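To start, the structure under review is shown below, and the notes come after it.
Residue numbering begins at 1 within each chain, and the chains themselves are lettered A, B, C, D, E and F in the order written.
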Amino acid sequence: MTIDGILNIIEDYAPLKLSYDFQNMIDGYDNSGIIARVDGEIKGVLFTLDLTFASVEKAIENGCNLIVTHHPSIYAPIKSVEGALLKAIQSKIGVISMHLNLDCAKYGIDYYLSSGLGATEQKILFDLGNGCGYGRVFDFSGTLLDVKEKYQSVFESKNVMIFGNPESKINKIASFCGSGLDVKEIEMASEVDLFISSDIKHHVILHALEKGKCVMNVSHYSSEVYGYKKFFEEIKGKLNGLNCVFYENADML
Amino acid sequence: MTIDGILNIIEDYAPLKLSYDFQNMIDGYDNSGIIARVDGEIKGVLFTLDLTFASVEKAIENGCNLIVTHHPSIYAPIKSVEGALLKAIQSKIGVISMHLNLDCAKYGIDYYLSSGLGATEQKILFDLGNGCGYGRVFDFSGTLLDVKEKYQSVFESKNVMIFGNPESKINKIASFCGSGLDVKEIEMASEVDLFISSDIKHHVILHALEKGKCVMNVSHYSSEVYGYKKFFEEIKGKLNGLNCVFYENADML
Amino acid sequence: MTIDGILNIIEDYAPLKLSYDFQNMIDGYDNSGIIARVDGEIKGVLFTLDLTFASVEKAIENGCNLIVTHHPSIYAPIKSVEGALLKAIQSKIGVISMHLNLDCAKYGIDYYLSSGLGATEQKILFDLGNGCGYGRVFDFSGTLLDVKEKYQSVFESKNVMIFGNPESKINKIASFCGSGLDVKEIEMASEVDLFISSDIKHHVILHALEKGKCVMNVSHYSSEVYGYKKFFEEIKGKLNGLNCVFYENADML
Amino acid sequence: MTIDGILNIIEDYAPLKLSYDFQNMIDGYDNSGIIARVDGEIKGVLFTLDLTFASVEKAIENGCNLIVTHHPSIYAPIKSVEGALLKAIQSKIGVISMHLNLDCAKYGIDYYLSSGLGATEQKILFDLGNGCGYGRVFDFSGTLLDVKEKYQSVFESKNVMIFGNPESKINKIASFCGSGLDVKEIEMASEVDLFISSDIKHHVILHALEKGKCVMNVSHYSSEVYGYKKFFEEIKGKLNGLNCVFYENADML
Amino acid sequence: MTIDGILNIIEDYAPLKLSYDFQNMIDGYDNSGIIARVDGEIKGVLFTLDLTFASVEKAIENGCNLIVTHHPSIYAPIKSVEGALLKAIQSKIGVISMHLNLDCAKYGIDYYLSSGLGATEQKILFDLGNGCGYGRVFDFSGTLLDVKEKYQSVFESKNVMIFGNPESKINKIASFCGSGLDVKEIEMASEVDLFISSDIKHHVILHALEKGKCVMNVSHYSSEVYGYKKFFEEIKGKLNGLNCVFYENADML
Amino acid sequence: MTIDGILNIIEDYAPLKLSYDFQNMIDGYDNSGIIARVDGEIKGVLFTLDLTFASVEKAIENGCNLIVTHHPSIYAPIKSVEGALLKAIQSKIGVISMHLNLDCAKYGIDYYLSSGLGATEQKILFDLGNGCGYGRVFDFSGTLLDVKEKYQSVFESKNVMIFGNPESKINKIASFCGSGLDVKEIEMASEVDLFISSDIKHHVILHALEKGKCVMNVSHYSSEVYGYKKFFEEIKGKLNGLNCVFYENADML
């Protein structure tokens, strides 16, 4: 199978169109798809949230000549090729990046953040149709502290901040994988008791607390690697025994 | 004493010029000074990191007709007067905001973040002269976990994230109060073992770890309220018995 | 009745949508609506073309806790609250501003400029439908001097400039309340003998005279306060005996 | 004498450098100098504030093959040659435009607005050195009505608006030829009782009145043609008997 | 016949709408139509690709009071009237400019570039409907050298550059009159062996050669004057014996 | 020797500072320096004007793991790594790009364009000091045709266009390597008989001819590869026997 064959399977799962649709909806920017092509047969695929030196080394050790990242391995356009991307290309490893299409896919990163917290039904805030979109609202039964403990256990993360009284009763949660929570989202989900996301800015936390809401700020990595592993397993199942490896960086959890 | 008299005392401590100098240095934006004037005698002053409803209520309860905030109570220019600012003005309370001048003052917010962690000597990364500036580098002796525990105890914060091996040996720390850590700062302080700041973005944490550094992401509020309380005590001492009140929001720590 | 109740009555008369429609049509800017909210029962409403210290004082004297202005009391967004707006809020007075929606309303400011000059039928140049819009063309019978005298008597203004031979015969007039006359409008209304507006620029007057037209430049205030008083009476009639006061500044006529 | 020879004499009186200096000072725009060249001997020069059809016709009647205007005969850059400029060029008439250099010249348009009102000593607000600049502050003794009457008689203009009590005592005046009065200028000249200029916007008049000042809004044409005639006489005297004609448009006064 | 009458005949041949349509399609800029009007009867028309002094002189010699250029005689808007345009207007000669409408006309400049090379059927790349548009693809039978020789003989041009092996077999050509060839066009016409245009940039030539294509860079003038002469003959035939002159500058071929 | 060692030698010859200085002077853009790094010992260096597939293949054949290009191998920043650059990096070949620093170097590309035409003394138009800069003016003795023939013989190029009478006498030439000739340059060098450059636009040629000048438009590649070969020989001499190869693409001459 070639890089294009694998891209087809991946984009079947997380169509590139979702990235464009979401960029249009939020006036955003993304860079998904093939970042560096590799010719010939793909011998193995490594999946990693980010393209790092350690992930490239693990790909080499495992005989993988393709890396699939969640975050774009080139985000802002570049004027020279450097770092882990240079190393990957020199090692004749191709690179595909997902991002907003995978965040928004029906069973994408954002979906798994809510389902990992026990959601069985989710309302989508930025709804792209067919179960795709970004921002999930769902029911919960317990305290803020309960949510924190559930998160730490399911998402295996030590790094969780909570703002608000730990004993607050939480009936409804809105979650946003990555760093997608801003004042606008708080206004959109006014029926919610708790907002969960990563890299949340001070004034956004303050705004939620002024509205009587609680906030849980989790590490960006932990909020996404959980769903990315699900994606990995799904794609692996479709690659007919092709060597598939997952790279996880426990330091980032 | 009038609002102008108090502003003079405050700007003696944290000259407005520091804000302009720092904005020029980093091509930044700020809005410090008198945000809403109040006529006549100041009867009491409430100090709070942010202008919130709760802080305005506490000012009223305590007979304060002036609030001094750290963060600008108007940041982006506004097209209508709303929220806590409206309430303050309606309550005939004046509002002064500090911000970059207090971050950068000789004994300002950024200084106290490092000294709270035990620094006795600090190198300033963005040096504005006379001991003023932003970004402090200082020595430490212990592990990453030791830093975390010290922070939690001194800054009374439950919300601390650490990235990197908790047992890593930390000899040198760079700290940045508020949300001032980006890739550029990591490059500027290459001799450092640990970077401390708030609201740190995922790719910045990743960049530091790729360089073999540790990162400690603390809550924005805790990184600043500690130094703001020192500032409060200092100014209180200069106001000759004028009623001075400090408002702290434990939920934000 | 609350501020929202009064806003509803006012926007029934001059729907906010007119402002947005007109902004789109001319690629313009506006800031209408509630500029500073006030809680509880409205005890009295003062109407004034502009928010000035004198108008706030008159509101206080008359027990009014709401001021309705024609011109936006915040136009360009602000970084601190100052002047008459600060005083109004400190006096627990709410502020609502009209502007383009009232200019363009069916019986709005622009309508009354033409009907005050005797128009019985008006063609609308920037037509927003349902009798709403900006720029009126209508018939007249008399000389330029006749128009000036009629204006001075009806609009009670001493400040009128005329350009062109005072004895010119005027059969058709185009009028634009406020400062809305530019070269484009002169081209749009080529069948007109006389253009009336305020704050008209030199090159616009020159352009009209080159085309053989006359121009009458009236004071901005007089061109609008006449219609604003009609609006005041209309709204007063709907407020069931609520204390309604009109503030006029004769110095601006 | 050629067009360049005449330009030299004119720019001796009003150096082009003044336009550039003033543009820099106020971040402005201008287009002075030769707008359309004419070859050979200049047989006669017509001076007019603006390039109009009537002024071109008068030049032809009087055998002038050069027109000197105060306002730029091309201001915003053009995509086709039209109107009076086309007619001038077709008639083999060259065109020179003055503007900011003549406004600001030592004995320029702005100087004569103040001296026409009786000023013997003038402070310059935007001072370009050597007696040149824009905005004059000078003493007066009388009421607002006195100023109006003096203006109407000296500047021969029927079109004068006054804002403020006609009986106000005026000791100090700030005058700005053309349309140069804005809020900033009012702040700069706080010791002044009366501001005089043309095309003054509503909010600027309002601002002045809030500060307790009076405002006199005169026609743009009258505020400048008076000084332009002085300039004409001065230049005429230097052209050794060359046929020099002045065109005035009484309808614009 | 007046200038408007002639414009009608010309725009019948090359409707102005084509320029607007093409500008929209490529997000481009143009300035077609009457650049300088002339009153009264047109006594003769000179056609020239560009408005130059020599072309104006030839118009005068031949008693023409109208010049029709292909390229806009004002392109970027101007702040003074100079050069050949000034001379034309002073000589009471009107100026009409064609450009994108004539490039794209059914029997316009771009059409004749391909038909001059022997094309009998042309596919249009930027298709504006009704046989109009820009960029022609057509069949050829011969070598690159054959194309060059045919061009030199038909278009009477000494100035032709070829890139690629002169003996390459050319079956399909894409041609673009003027300077319209860029990387995008090469991608659009991937079945082509040879790209022909003018003012082609180095990286565009390189891109074509990397794709295995040949490139022929001809002088801009020769690529357009051939079709412009056809246009001249066509219009001349419709002007009922009006004096029509063609100006050609052999130095530019 | 490492890539940094070679960069040092190259930048000794053509200091990077020249690129920045020239960008500042003309408000330009460039991207010089290491575009893709390679670790370890450099075994051979290939020099080529542009990074193309053929040049990478030749580097591989010749055991070179470094390519030095004149033109930036990334110009506009990129969002994915493609084409010849991808192939080079996959082949573990490093890439250095020169450009404006080499154009402007004392013995750089621009210098050799003039000296190749026989110049012994050159005046520099954009003078960066120390014999560096861009745009050379020098003496010649002969006709336009002589210049063309000399160019074709020395620069081995078949692709030369001349505009103007071939028999014109040429005493002074201004030459600009690459595509650096615009209207401004023609004005700067008014004493010149012939302008030489590449990719010259139609209106620039026309402007020169209107001024009575001749123009020679040569292929971009030929105007630069001649000097680039001199640079290659110079650097080769300093690399102590390291394998140095030159790649030339005859199709581009």
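Please note the rule applied: a residue touches a chain if its C-beta (ideal position, glycine included) is under 8 Å from a C-beta of that chain, and two chains touch if they have at least 3 such contacts.
All values reported here derive from a predicted model rather than from experimental measurement.
K.L.:
Among the other chains, which touch chain C and chain D together?
P.N.:
Touching chain C as well as chain D, we find no chain at all.
K.L.:
Just to be sure I understand the contacts, which chains border both chain C and chain A?
P.N.:
Common neighbours, chain A/chain C: B.
K.L.:
What rotation angle takes the CA atoms of chain B onto those of chain F? Round to the nearest 5 degrees.
P.N.:
120
K.L.:
If we define chain centres by averaging CA atoms, which chain lands farthest from chain F? Would you check?
P.N.:
C
K.L.:
Please identify which chain has its centre, taken as the mean of its CA atoms, farthest from the centre of chain E.
P.N.:
B
K.L.:
Chain A-chain F contact: same residues or different, taking over half shared as same?
P.N.:
same
K.L.:
Could you see whether B-C or E-F has the larger number of C-beta contact pairs?
P.N.:
Greater number of contacting C-beta pairs: E-F.
K.L.:
How many angstrom between the C-alpha centroids of chain B and chain A?
P.N.:
Measuring from centre to centre gives 32 Å for this pair.
K.L.:
For chain A and chain E, what's the span in angstrom between their mean Cα positions?
P.N.:
54
K.L.:
Measuring from the mean C-alpha position of chain A to the mean C-alpha position of chain D, what distance in angstrom results?
P.N.:
Centres of chain A and chain D (C-alpha means) sit 66 Å apart.
K.L.:
Would you mind listing the residues of chain E that make contact with two or more other chains?
P.N.:
Expected reply: no residues.
K.L.:
Going by the touch rule set out above, what shape does the chain contact graph take here: line, ring, star, complete or other?
P.N.:
Topology of touching chains reads as a ring, each chain with two neighbours.
K.L.:
With touching defined as stated, please give the ring order of all chains, chain C first and chain D second.
P.N.:
The cyclic sequence of chains is C, D, E, F, A, B, beginning at chain C and stepping to chain D.
K.L.:
Contact residues on chain B for chain C in the complex?
P.N.:
Touch residues, chain B against chain C: 31, 33-38, 74, 76-82, 85-86, 89-90, 92.
K.L.:
Give the list of chain D residues in touch with chain C in this complex.
P.N.:
Touch list, chain D to chain C: 50, 52-53, 71, 75, 83-84, 158-165, 178-179, 198-203, 205-206, 209-210, 217, 219-221, 249, 251-252.
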